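The same subunit A turns up in both complexes below, where it pairs with subunit B and then with subunit C.
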Partner chain A sequence: MDALFDDFSGAQKKCNGDLLSRTVTAGLTNDELRAIWKTCNAYDVKDVIKHGLQASDIGRSGAIPKEELKAWVDVYAVYWKAVGELLAVRDTSNDNRRASQASWAKVYESWKELLSALIKGYNSSSFESWTIPCLYVTGKYLREFAIKADAEKNSTQDNAAEPNFQDDFDPEAQQNHHLEDCARQLNRVFNTCLNDRAPLENSRKWGIYHVINLLFKTYFKLNSASLSKNILKALSAGRGDMPPLEAIPKSQQVTFKYYEGVLQFLEEDYVQAEKHLTEAWRMCHKDATKNKELILTYLVPCHLLTAHTLPSKKLLEPYPRLQKLFLPLSQHIRKGELHAFDLALQEGEDEFVKRRIYLTLERGRDIALRNLLRKVFITGGFEEPKSEGASPLRRTRVPIAEFAAGISLGCQETLDNDEVECLLANMIYKVMTHLLTVFWTQNLMKGYIARERGMVVLSKSGAFPGTGI
Partner chain B sequence: MVPSWPPAPPPPPGTQAAASYASPYQAAPAFTPVQVRQSFGQPYPAPQPAYPVHAYGSPSHVTQSSPTNHSPTVTAASPPAPASEAPRKKTIWPDSVRNYVQRSFLPDNLDETVSRQDMEAKLKETITSANDGGYMYTINWETMPLPQEMIRAERNRTQTVQQPPPIPPVVPSFSSPPAATSKKRKSSDLTDTDLAGGPWRNNNNRLEDRVTFTADKRLATNETPKAMSKFQKQQQKNLEKRQKRFHGDYTTHREPSPPPSDGPVVGTSQVLEKRYLRLTAPPVPSQVRPESILRQTLELLKQKWRNEQNYTYICDQFKSMRQDLTVQNIRNEFTVEVYEIHARIALEKGDLSEYNQCQTQLKALYQRGIKGKSLEFKAYRILYFIHTANRSALNDVLADLTTAEKAERPIKHALDVRSALALGNYHRFFRLYNDTPNMGAYLLDMFVGRERLAALCNVCKAYKPDVPLRFITEELYFESDADAAQFILDHNGQHLLEDRDGTVVFLTAKAGLHFEGPRATAFGRVDIKGQI
Partner chain C sequence: MASSAATKDEKAPAAADQKPEIVTDQKPAAALEEDDEFEDFPVDGTLPTLYTTRPEGDASPQHPTPIPQQSAALLTSDDNLDWAAEDTEAATESQGTQHLWEESWDDDDTSDDFSTQLREELKKVEASKKR
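Showing the complex of A and B:
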């Protein structure tokens, strides 16, 4: 406990929020926790802390108003209790936990109290804004404990049926009970930061991106990513008063940009998604392999759709998992191996679905098909030159049967001509939006189908725009 | 009513009534008339799940025991197979039951006045009857009294016999005349029900017999088992309150009664039909139908739907059924059936809101491992998400499917539809449209129009200079050329059709971007009702 008082005193003197946040952390060893826990008991905890804080340098100097010191005493008293719960869980193995009554649920509840005590300290406006690291450090652990508490609950299968007066059951009522509650608590923190009216240089708004990132993580885990939209809306509504994103630590910027990008990705706004993800990619620390891998997971499919570009082997070299995900598909797209593409997509389906990129990658089939048709077209060769010396013209009238043969290559089934026409029509109809030229679109194939003659008439000037032919 | 009772019901051999309950009193016949009252002295505020559930096992009793009292519709409804007649299968005890057993033997809960043998016997009894009755999973084991509590309660019951007689039961005003008479009967049958309901009362009986045969034997003696009415329950509660109030100077020492059960209600209503009303307060048992009655209701509703096709009525009735199931925490294959049937009817009638509510429930119920037509309904889910263009939900559905499920016809069809549309392969989509299993066509019909527009846009851009109308008819799967032409006319495309030597051609080159507008509107307007 003495170390805690020293840290508190030192942090208060220097207005060092990070140091202060170390006084409310759960990231301590069992011995350190035990040291704190053993200094006092449930009866004298408040006195001990009060005396400890008053006796510290800063306490003696009288720099902290009485009210604020009292609020800190409350915070540390709750912290002490939470430490006890945490110790109890850590000290007992899983088997004994039932009997010893220690549980992650209790840790969660006590940590929630700690967060509430902190929020109370801010709302009574006695805590200064430089102390906000305490808020998000507490929030960070709250989220961890919520996940553990839910896992614990689901493993014991305590499906206590509660009385229900609704017409139907709420199917997801209990599964993520703690994490949902955690999201609510984090939202309180978010509002505590958002609604601070103090001038910006002295505002709790500086903590907002930390909290948003925690909220994003929580919402994604809860499979309700769409709720993140509300946060972004609230943020952009007060954009003018917010500290600029560039001014907060890079790590938080990267996380924020990543989630912003993924949200756009899920909404199929690939152009915006690519923008945010690229920013995240550029700022990401070079050794944060895991994070870079996550960014690429979404950035690669983005590129595929916006720029028709495929990842190079070199890019994916450090990420064996991504190689496995993307390389086979890329290869088949590049070579226009339609059937092999289908198989590869099927092969990786579970993994793709899990990462929510399946539906996007599926659209890569258009490009594979385009490349295949292009090959057929090239194989068709050139027309007889009409006059000597004229540059040779490609044969632009291609029988549908030739395309049909190309599509059937490598796969067992043969498509009937109507379906081949349908695929061709799609190529002619579909437009692809380019990142650099948002307002200029191009089709995958230029030309038309002359059904009566069973022919495709392709454009003499660039039948496959963007591919040099 | 009490006088109408035989003063001393002849105990048929082997009946629970005789064996269990009457035995302590047979030596002193003077007690017999008071039997009715005994149930009021029960220390349990709410009936244990075990009581009325026994009635579940014999859903046919209503029709059989008092045929004269029933309206023709009720008798017409064929009684569904009683749950207890289901083939005995190997039982896997759920964790809740295991926990219950563990709890019983916790040192804190042990009672030295109750021997271990008695407790084990009681436990076995309780669990077996729960299993046989098929309510193993619906019962709330958390709030189930421990065996020692039950034994204690039993002992108490014998002590509380000498209490003032109860107020005669009043017929609740809401019940219809036939039901009212049965209510009367019920109140007089109360003791019997109680006897049948308390499996722990006869330790001599073979456990296995208990659930299956009690109903039949009761029928033999022509006594209708009925659960307690609302009023009796109320009285019971009041009585208990009173007892508690005077607990201090109460002469007879009583063990503290177990805490009031906050578990689900157990319904006692015997009325088949019930109007739906949104609950704003905890449900009243007398207005909730137990599963046995709900099963009859379902049969009745199925029949009514076949004959009358009155959706407003059916929907209302199904909602009240769902409510009754929910408040009683009944989640089994019957629940699944109710939701499935309601979902199908709602789908047929295009009531997406109810349909979605049912689907949400079904998803959760299937996830609990309760059997039903899960393939059919999972396929509907996929089709529905295609309709609402809900990509993230589609992704979730894909993530939930197993490889085996993906190969099953309804799901494979839905997945093929999805991929055909995702790739713009309208040719394949319309082949699949023509070949939709179950009721999926109702869902496909919701978006086939917009897909036709999309396909038309495609065709207009890709084909030059024109195509025969017949081609459109076939590719876009119209019933006839006339239908195809009508579709084009409906979107102001009259100038795009031309009669050329008896064949109608569709002037694709002339159409340009004609169908782009309608297409965009059609895709932009996806109405999402209800939550899913």
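Showing the complex of A and C:
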């Protein structure tokens, strides 16, 4: 506990929020926790802490107002209790000494009390804004414990096969009981940061992105990603008044951009999604393989739709999982193997759906089809030159039957000419949603269908815009 | 076509890549759900001194705090981890992002199986029309 007082004193002297956040952390070894736990008991804890803080350098200097010091005493008293619960649960995982008593649910509850004590400290406006790391670090552990408490509950329920006779039993809600509560607590923290009216340089708003990232993670885990939109709305409502994202450590920036991008991806706003995911990608630490893999999981389908380009081998090289996910599809798109593309999409369906990228990849079929039609066009060769020396012209009148043959290649069934015409008309009609779409649009294919003659007449200057022919 | 030489070169590694792919298939998809979350960055970085301003004229509030030795372990996944620009992914791709993406149609090699099949199909169409 003395070490804690020293840290508190040192951090307060230097206004170092990170250092201060280490006095309310759960990231300690059992021995460190035990050292804190053993210093006092439930009866004298407040006195011990009060004396400890008062006797520390900063306490003696009188730099901290009495009110504030009292609030810190409350915080550390709750922290001490939370440490006890944490220690109990960690000890039981080694041997079952106090099995009946300790549980992650209790750890969660005690940590929630700690968070409440901190929020109280801020709302009574005695805690200064630089101490904000305490708040989001506590929030981080709260989320961790909520997940553990839910896991613990679900596993014990599995074991105890006793039927539950309670009415109104909603297993879905019960399963994530703690995490849902945690989302509410984090929301309180979010509001504590958001509603600070102090001038920006001295505002709790500096902690807002940390909290938002915690909320994003929580909402995604609860399968209610859409709730994140409310957060972003609240954030953009106060945009002019927020710290610039660039001023936040990169670890938080990248996380924020990632989730922002994924949210836009899920709303099918691929242009914005690509922008944010690309920023996340470029700023990501080069050794954070797992995170880079996650970014690419969404960036690759995004890029396929916005730019019609595929990931290079080199890009996917370090990620076997992504290779498995994307390489077969990419190959088929590039070669225009439409039927093989359908099969690959079907085969990976479960995985794609789980990753929330199925619908996006499905739209890649257009590009596979475009490439197939392009191939038919190229295979058609050149017209005989009308005059000698003239540069050869591609055969731009292609029978629909040829396209039909290309489309049914590889699969047993053959398509009606009507169906093929429909596909072709779509190709001619569809415009690629390029990043520059505002200034410049491109159709997938240029030309028209001459129905009565069963021909497609393609443009002589760029039948497949953007592909070099 | 200019790209045909390049695409040929690509072919070889493509075939080679296929094999290890199957080997790595072993990773069970079930594990995916567990770690489908953006991680804290578990890398070495520096801790910035965050927006530390002590309004009431403290002598030296701005100085970075030396991290106490015993808690250095905590640093490995700190929430305020920051890193230099040269440690970002962008810095490693100094050749530009061009090589990351390939055109979806960038394969004008007409000698692969699929193209051969296609040519035969088209010949059939032609033949049936002449009849």
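By definition in this document, the second predicted complex is superposed on the first by the 443 of 469 C-alpha atoms of A that agree within 3 Å, B and C clash if a C-alpha of one lies under 4 Å from a C-alpha of the other, contacts with A are read in each partner's own complex, and residues count from 1 in each chain.
Basically, a contact is a pair of C-beta atoms (placed from the backbone, for glycine too) under 8 Å apart; a residue touches a chain by one contact, two chains touch by 3 or more.
Small disclaimer: the values here were computed from a predicted structure and weren't measured.
Using the contact criterion defined above for the overlaid structures, shared-chain residue A:K354 touches subunit B and also reaches subunit C. In the superposed pair of complexes, A:N223 makes contact with subunit B only, with no contact to subunit C. Once the two complexes are laid over each other on the shared chain, residue contacts for A:N291 go to subunit C alone; subunit B is not touched. When both complexes are overlaid on chain A, the residue A:L266 reaches subunit B alone and has no touch with subunit C. In the overlay built on the shared chain, the residue A:I449 is in contact with subunit B alone; subunit C does not reach it. Counted by residues of subunit A touched, the larger count belongs to C, out of subunit B and subunit C. Contacts of A:A405 after superposition on the shared chain: subunit C is touched, whereas subunit B is not. On subunit A, the surface touched by subunit B in one complex and the surface touched by subunit C in the other have residues 354 in common. Taken in their complex, subunit A has these residues touching subunit B: 156-169, 171-172, 223, 225-226, 266, 268, 349, 353-354, 356, 358-359, 362-363, 365-366, 418-419, 421-426, 428-430, 448-451, 457. Remark: subunit A residues 7, 10-11, 13-19, 22, 25, 27, 63, 129-130, 133, 136-137, 140, 201-202, 206, 210, 217, 220-221, 247, 249-252, 254-255, 258-259, 281-288, 290-292, 294, 303-304, 307-315, 320-321, 323-324, 327, 331, 333-337, 350-351, 354-355, 367, 370-371, 374-376, 378-380, 399, 401-402, 405-406, 409-410, 464, 467-468 touch subunit C in the complex.
Subunit B makes touch with subunit A in their complex at residues 95-96, 99, 140, 142, 262-265, 278-283, 319, 322-323, 326-327, 329, 331, 357, 360-361, 363-364, 367, 391-392, 394-396, 398-399, 419, 422-428, 457-459, 461-465, 467, 471, 474-475. Those residues of subunit C that touch subunit A in the complex are listed here as 10, 13-14, 17, 20-21, 24-25, 27, 29, 32-33, 35-43, 45, 47-56, 58, 60-61, 63, 65, 68, 71, 74, 78-83, 87-92, 99-108, 110, 112, 114-115, 117-119, 121-122, 124-125, 129.
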